[in-house]
Each structure stands twice: as C-alpha cells, then as structure tokens.
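Structures incoming, each one as structure tokens.
The following pair of complexes shares a single chain, chain A, combined with chain B in the former and chain C in the latter.
Presenting the complex of A and B:
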C-alpha cells in the first residue's frame, strides 16, 4: 500500500438534493405560463365546447344537451361552402407564402454575407408589423379599389379598358392580403433553418457537380424542412382563423368560418357560434396534423 | 478494389512520359482580396503521385492556393495546369480534382452511403453502377457497416473517412485536403496521418494537404512547401526543410531552432566564422558567398546542442561552445528541453533524449554548463 497526501477535498455536494431543487425551480418557473394557459386558453375552449352542445334560445341558450347546433351547420350548404372557402384560402395563402417567402429566407440566410446586414434586412422584413393591422388593411382600399392607384395606372397605360373589380372586395383580394400579412411567419422559421446550413456544404455539393436546382432539391429543401413545416403550420392556422382581413378586404364578397362565428356572436347565437368554432378547431387541427406528418416523413425531428 | 483500381496499378503502368498523372503546375499564380495579396505570383510544380504539404501560419495564402487549384477561387493572374492542361477556366466540378473540405462539409441529412453517392449521382451515372462504386468505396475506407448512419452519428475519425470516400469515389487524379486533421484529437491525428500517407501510397495519386502543423507536415509529406505572406519561402523534403532551412522564416517556423543574429568574422572557403553576442560560431559547407562584416542569422537545431557540466571562463572557449546555465528544465517524456541562458544573456535551448540521464544532475540556475555543437549543425541565413 502506498499512501497519498492530497489537498483536503471539498465536501461532495448532495446531488439528489440539488436535482430536487432544480426540479422545484423549473416547476415554479413554468407554473406561471401553465396557469396562464389554463385560465385563458384551456378553460375558455372547454366552455365553448360545452356551450356548443346547449340548446339555443332567442337571446342566448338554455342548459340542455342537444346535437342540433352541429347537425344544422353540417347539413347547411352555405356553411359548407364557407368552410371550403376558408380551407381553400388558408391552403392558397400557405402555398403562396412558401413560394415567395422561401426565396426571401434563402437570400437572407445564405446570400447576405455578414450577420449584421442579415439582421438589418430581417428587421426591414419585419417593418409591416410596425404598423397596426387596421392601417395596413385600410391602406389597401386606395391602392386596390375601383378608383384606386392600381386600376388608374392600368387604365392610363391602356392595359385594361374598364377597372378590375376583383382587386378589392373579393376572394382574390383576401388571399393576397393574407399572404402579405402572414408572410413573415413563413420567412422566419425557414430563415432560421437555412441559417444553420454550413456554406461549405453547398460548396462541397457544387464541387461534386451539383447545379443550383440539385442544391435546392437535394440540400436546401430537405434541410429547411423543419422550418417550412413550422412556417406552414403558423400561416395555415392564422389564415384558418382569420375574420378581420376577410371582413375588411373581402367586404362581403368573401366568407370565412371566423367571420360566421363573429356574426353568430353579434346576433347572440352563442351555441351556434360555439359549434362553428368547434368545427373550425377540428378542421384546423386535422390540417396541422397532416402538415406535421407530411413534414416529418423519414425525418428524425 | 475495382472502384479505385485505376489508381492501384503499378507506377510504371499507363503513366505518361515524364511522370505520373496528377502533376499540378502553377505559373505566376496570384490572388488578391481587396487590397491584401493572398497569393503573390507563385511558381510551383507538384509531381504526379506525390504527397505535398502546404505549410504556413494562418493567413499565409496556403488555403487560397488550394482553393484555386480546386476551382473554388479564381486566380487573378497566372496559369494552373493539370497534366499539361490549363485549368483556370474549367469549373470545379469538371476538374479531375476532389476536395476534402475543412470540417469535412458532409451533408448532414444524408446517410454515409448517400453522401458518397452524391458526386456520382450528379454525374448522371446509372443507379446500379452508383451502388456498386459506393459499396466499393465504403469497403475500401472500412465504412461498409456504417453505410446507413447519418454524419452526426459518427465519430470525428469516421466522418473524415466518409469525407475521403466521398472525394475518392469519383476517381480524381489529385486530392486536395484542407486542414484534414484539424478537427481530431491528438491521438487520432497521429493515427490518421499514418492512414492518409498509406492511402496516398495505395492510390498513387497526388495529395495536396494544407496545414499549419509542422510536425504533421514533417511526418506525412514527400515535399513540404513553406509559405509566408502569399509567397513560397522554401520547398524541400521534410529532412531538407527541417535540417537545412534556407531562410529566417522557415528556421523559426519549423520550431526548436535557436536563432542568433550576428556578423561574419572571417570567410575561409566554405568555412565561415560568425560573432554573435558573446559567442563565436563556425559553420562549414556554407552554400552562398558571404563577405566579412555582413549581418547574418544563424540557426542551430535544439536537438543538436549538447551539454556538459563544466565551469569555464567564457573567453577560453573555442567556436561553437558557450558557457551557460539552465533556467528551466522542461520534462517532455521522451525528450527533455533545457532552457538555458549564456553568460552574455542569450537564450539557447538544448533538447536531450530522456535516456541521456546527464540532465538529472543539472540544477536550475545553479550548475555551470558548457553548450556545444558541430560546425555542420550551424545554418547561416541571409534571407
């Protein structure tokens, strides 16, 4: 046996106790947001679900169980076409924001050379959010209306002979407006996905003979997929629930489930509003699930 | 090993007169970035089938030079030739040259096999042939059992082998390696540099390897190209560069050289005496003509300096001998480094083998020593 003399060791910390304290502090830190969600999201949604099964009356509802609210909505042609239009608008908005936003994200993440100008440009892309939604929506009217800038310009250039009516108060206008409004929710997650790509990887691909479309298809799109899926979920969910854009830009020529719910509420038809909300949530969740499943095929997210 | 068979034939076979395939010639190659000159009109011939290491500190232009050979950077001036064909305007993908990038640049979402397949796929090879060549390349690099792993599931050494397989599967005649061992821990570095050397011997293609690590360059290269400030300072075999540095930069960059400034005392044929602060040096076999009183630098490798304990008056000593004391004894395992100071205050380092136990009797700042070395071990540098 040999003997060692080492400096006095510090007392070994009680690992178990430390872990317990760590867990406790996490529990405390998370309890506030959890409580917040519980009180302001889960409980209200639950209340809405419950109300959707109540019997409507002229000025509200009475607390007796019925499936009539759902049956009436699901057998009503107008509600179905509203639902279909909502889903179509949301899908178109999602696709358009992806097709346009991907290149913006690509440019910001991989073309702009340094971090500083990258974030400067990213802030500029954020600029629409510096103004309120209402101002942006109202600004569309002098731009896109019958007598608006765009129509006047096209008329004076002789490209059209009569003002284009579909530019405002139409499904087209609503979809263009929503694409513009929600573009950033698509750009940001794709930007962050693409930012993690090592430029040397693209150089290696080029070295091995990859053309730009090979790089797009083989490298960029697969690596950006998590960002694309998250962006698509954001835009899809926001567009599905939208009623303000539909009301202001659609001006009665466009409908959405969100707008129907708002109308039900205006007329104090709370159970019908709740049932429409239930259907909207169900369809939205279905869409999100499909997006997530498509997005993670063969992917270990 | 059919995939790489083209390169595994004997050297005499299918070789154009004057050398093997994979000869890279640089003529007056230059590159500027803004106002800084990265590569300053370089002339260099890299013989086919040789292992050449570009060695220098960061910012010396070695990586830029490599990138120009690979086609990732355009030369501002000069010609780059591969086996006599001018490459300047040939896109990277069409050069018969592959690159192992720094940090490997593997495709993170592709499996090992898909990474290796990529270059073949881009060349439009039919799937069956791709599969066969990928399998052979993986077999060759001992990666067959990892073919379905993603890069992040591999160790550093395995990732490097994937990068090598991916670069070699297209059968290049020149392989460029940019700091290939930089990401590995020291033990793995030592192993992988032997593997790289062996691989190059088996393939008989040219390897051009960039590093800032002198020891790595010495261990691996046929020829070392020492670079500083965009210029080549010296080209030679590891022994030549290590033992006979021709300029001050190489002498100091190769490390472990004692460098002393002095003036020429006398010239007698190729034997030259130099006076440095408090000691006289004598060199023989000096290749360049020197004149008396010319300022020169002398480089003496620490491993050639010998030590004996002896108290003497500094003035009594013949040339290439100096009285000194050890200020610090650095024990490095297989060698012991004595940091000494001469009576006139010059620092000198002597490296002794650990088995030479004489160092054990030396006390720091106490024992009087005489340091001495042979005339042949003094290199006189005028540049």
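Presenting the complex of A and C:
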C-alpha cells in the first residue's frame, strides 16, 4: 500500500484541500437546519422543563423556583389514575399493534412473491398514515356508536340482544382507534427488517427439518428484533402523547396526560401544564429505555 | 414448499385483507355516510342518498373554511420546500461523514419522537417568554420539525441508490465541488427532493397535535378540531373528511407510483435476471 501509493502522492494534498473546503461549506450549510432544530425543537422542550419549576400566577407564571407543580400533580389521585391509564393504553396499543402488525410485515416481506406487488401492497397499507389523524379518528364514530356498523352487525347476526355501549366513548374505543392510527409505525420497521432476510435461510431451515415455530422463534423474531424495537418505541411514544383520539373517541370516559396538558393550557395554568408534560416525558423516556434494553438483551448473549 | 406452508401463506393473505379492512373500513364507512339524505344523521341507517351534505360543504362551509384552507396550503408549501432543502443538507453531511455527523440520526429521530403536545406547549411558552405573537413562524417552525425526519429518510434512501462513481468521475474530469453538485448530482436526485417536499407538504397539511397550542389562526385541521369539539357534528364533516383523504391519496399515489415502478425496474429486473 505505502510503496504503491508513493508516486501518486503529489496530487493528494490538492484533492484533500478541495475536499476540506467542500466539507466546510457543507458544515456551514448544515448549521441552518441545526439552528432551526435548536429554535423550534430543543429550546421549546427545554422551556417546558424550566417553566415546570416556575411559580404559577393567575394569568401565567413568574420566574421563581418551586417544586409545587410536581408535588401537587404527584399527590393528586385523579392525575395518578390519568397517568396510569395513559401508560396502560400505550402498553396495550404497543402490544396489539405488534401482535397484529408482525404478521402483516411477515406477509409483505416473505410471502408476497415479486417485488413490485410487495412495494405496491406496502404502500396501500401505508397510505392512510398520510391522511388526517383527526378525520381517521372521527371515522370511528359511525363504526362504533350505539347505532354504528359494529353494533348493527352484531345485532342482526343475533350475537347480542342489545347494543353494546362500551364500543364508543370508552377506553376500549380509544385503544382500538389508536391501534389503527399507529399500526403503520409498527408494520414499516418490521417489514424493513424482515425484507433483509435471505429467503434461502428459511428454505435451508425448512429443508433441515425445522418446524414453523422453530423458524419463527429462532430465525425470524431474532432477525426482526431491531425492527420490532423501533416499531414498539414509535407506537409507545405516540400513544403516550396522544390526546386528540382520547378526546374525540373517549368522549370524557377516557383520559390521558396529553389531554390534561391541553386542559391546563385552556385555563392558562402553564406551569401545571409544563409539569404534567415533564412527568409525561420522564415516564415516556423510562418506557423507551426499558424497551431498548429489552431489545439489546439478545445481542449480549 | 410443503402443502402446509402454502396453506399458511393463503391464511396470511386473508389476514392481510382483514387488516386492510381495519385500516380502510372506517374511512369507507365515512365516505358512504357523506352521501346521507338531508334528514340522515352521523350513523347508519341511510335516510336517502344524495349530494345534500356535499352541496352544503361547498355552499355553506366553504366560506368559513376558506381562510383556514389557504393558511394550511401556504404553511404546507413552505414546510415542503424548507424540509426538502434541509433534508438534502443533512443527508449529504451524513453521507460525507463530517465530524459529529453520527449525531445527526439521533437528533433527527428525536424530532420525530417528541410528542406533539409537548412541542406545541414548548413553542407557545417560548414565544410567550420572548413576547412574540403566536402565529405563522411558530407554526412553520414545528411543522418543519415534524416533516424533516421523513424528508431525511427519503433523502437517505435516494442517496443509497445514487452511484457515487458519477460524482467521482465528474470531479476527476476537473469539475469543482459546487459544479459537480449543481450540474451532476442535483439533476439526478431531483425527483427524490421533490418526493421529500411532497412528503413534507402532506404531513404539514394534516398536522394537528403540534399546531393546536401554537397558533390562534386556524389551519384546516385546527378549524376541524374546533368544529368537532364545539359544534354539533353533521355529515358535511364526513364530506370534508372524505375530500381531504381523497386529496391526500392522490398526492401519495403521485409520490409512490413512480417509485414503485422505478424499484421494480431496478431491483425486480436484476432479481429476475439473477434467477434465470
């Protein structure tokens, strides 16, 4: 390497210098998006954390340090049950989207034979994600209501004798709707991890007598694990922060920390809103850290 | 493959259809109900069939929605352009492995994962501390933060397909860095940049959770939220919902149909050639 490259050494500094100036101009350009993220992402999040320690006043806050906002929230029974309900909804949504979404990703990545139909079907499944969350949330009302599609179907099939009330404006309804809204965040990363698996590996396993559950447990799940972890983190974080679905589909029978934050803001109680957001962030980050740790356990072994 | 395997695959195909029904069912029901008769309500049964609520949407609602629609379109166009431009810069810095560029991916993912309500609250508090009027800039700010990760992922995918030898040969033939970029690289990745911009446009157009605490001037989703939470909802909102979903689907189709065909030509063509 060294003796071979000696005769060519002369032009290297010029190219190197040119590369350096090019890198420098890219670095200068890069400062624009980074500045944007600083102003519109990092500072706002930091401001929330700072304001959560400010003293509330009638129309806002004054800049004196207090822990009261947190103390009041953490000693309040209703807030605790709201927090518990939020975590429970997020966990249920994560598990349900995984159990339901894994097989969609499996079908798309490993069963659909040619690439064109694979991508086409993936995009058909992906398309609803781009539409308005609000619209998709209210679209559940005619499905789940007392006279909705589900109740009518169950009634006419004779499975139930009176309309089920828990289908709409309940925790159940919120979790079903959230599973639908966030399913794509689970399917996509698992789809991409499963797509990288060489079908010959599965063929070989089958030829050597592996049963389908062996293949699932010992090949597919371990190889899909990065995708599963990313998908679970996405769905968990999104459902922890949700408040629109809870408001529209829960209709007062369901609560979430996101909704409490919005209510605090409506009453100009900014430090309380910020403290609720601080607790939300803390619990969410804790959940994500646990998910990531669980996700990397297999790699250590 | 064994008979059992084929049977299992068919079952999965059926299951995929069920999931599609789960994803699309409510939207379809809503679309059907938007053709309710004048005395029909928000659920089945259909009391007549017609364009009553669609007419009402365009005759009555349109004037009250007009301002919000225009505002939404403006911020969506700006978001698309800025997010696309930023994503090009970040993706190139990432690909060139500038010092510290390994931090770019976590930063961008953080933008994706920050809960909308947290970001919205932060923006409104931050602007309040600065004594700024909440409004267009703050809205645009959070929309770009939301659109940027998706635009970035599109650009990374585009650059992964981009053959670096083209760039190298331009440089070896004596083209300057900026000339190589503007005359060689940019024309090749242009469709990708356009996809990133359209991505950002669509995401901004439908954005709600980040916007709600940030501005008092309603965008279309904010206006919709006001209608849903304050007024009694009527089937003309289903018509509006159906319309916005149709528009979004047209954009998604425009975005992906060329990609799907391109992928097929590139990957499918090669895979089929390889199999022979």
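Note that the second predicted complex is superposed on the first by the 271 of 301 C-alpha atoms of A that agree within 3 Å, B and C clash if a C-alpha of one lies under 4 Å from a C-alpha of the other, contacts with A are read in each partner's own complex, and residues count from 1 in each chain.
In this section, contacts are C-beta pairs under 8 Å (C-beta built on N, C-alpha and C of every residue); 3 or more make two chains touch, one makes a residue touch a chain.
If you're wondering where the values come from, they're calculated on a predicted model, not measured in any experiment.
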Clash-or-fit label for the pair chain B, chain C on chain A: fit
Partner chain(s) touched by A:141 [first = chain B, second = chain C, both, neither]: second
Touched partner set for A:87, first chain B, second chain C, both or neither: neither
First, second, both or neither for A:105, with chain B first and chain C second: neither
Chain B versus chain C as contact partner of A:235, first or second or both or neither: neither
Partner with the higher number of touched chain A residues, chain C or chain B: C
Touched partner set for A:220, first chain B, second chain C, both or neither: neither
First, second, both or neither for A:208, with chain B first and chain C second: first
Closest approach of chain C to chain B (Cα atoms, Å): 6
Chain C-contacting residues of chain A that also contact chain B: 206
Chain A - residues contacting chain B, complex: 198, 200-201, 203-210, 214, 218-219, 222-223
Residues of chain B touching chain A in the complex: 70-72, 92-94, 98-99, 101-103, 105-109, 118-119, 122-123, 166, 170
Residue ranges of chain A in contact with chain C within the complex: 18, 21-23, 25-27, 29-30, 32-34, 36-37, 39-41, 43-48, 51, 60, 100, 103-104, 106-108, 111, 114-116, 119-121, 123-128, 130-136, 138-143, 145, 147-149, 152, 180, 183, 206, 212, 233-234, 237-238, 240-244, 247-248, 258, 261-262, 265, 270, 273-274, 277, 280-281, 284
Chain C to chain A touching residues, read off their complex: 1-2, 4-5, 8-9, 12-13, 15-16, 19-20, 22-27, 29-30, 33, 42-45, 82, 86, 89-90, 92-93, 96, 98, 107, 110-111, 113-119, 121-126, 128-129, 138, 141-142, 144-145, 148, 176-178, 202-203, 206, 208-209, 212-213, 221, 224-225, 228-229, 233, 237, 241, 244-245, 248-249, 251-252, 256, 259-261, 263-264, 267-268, 271
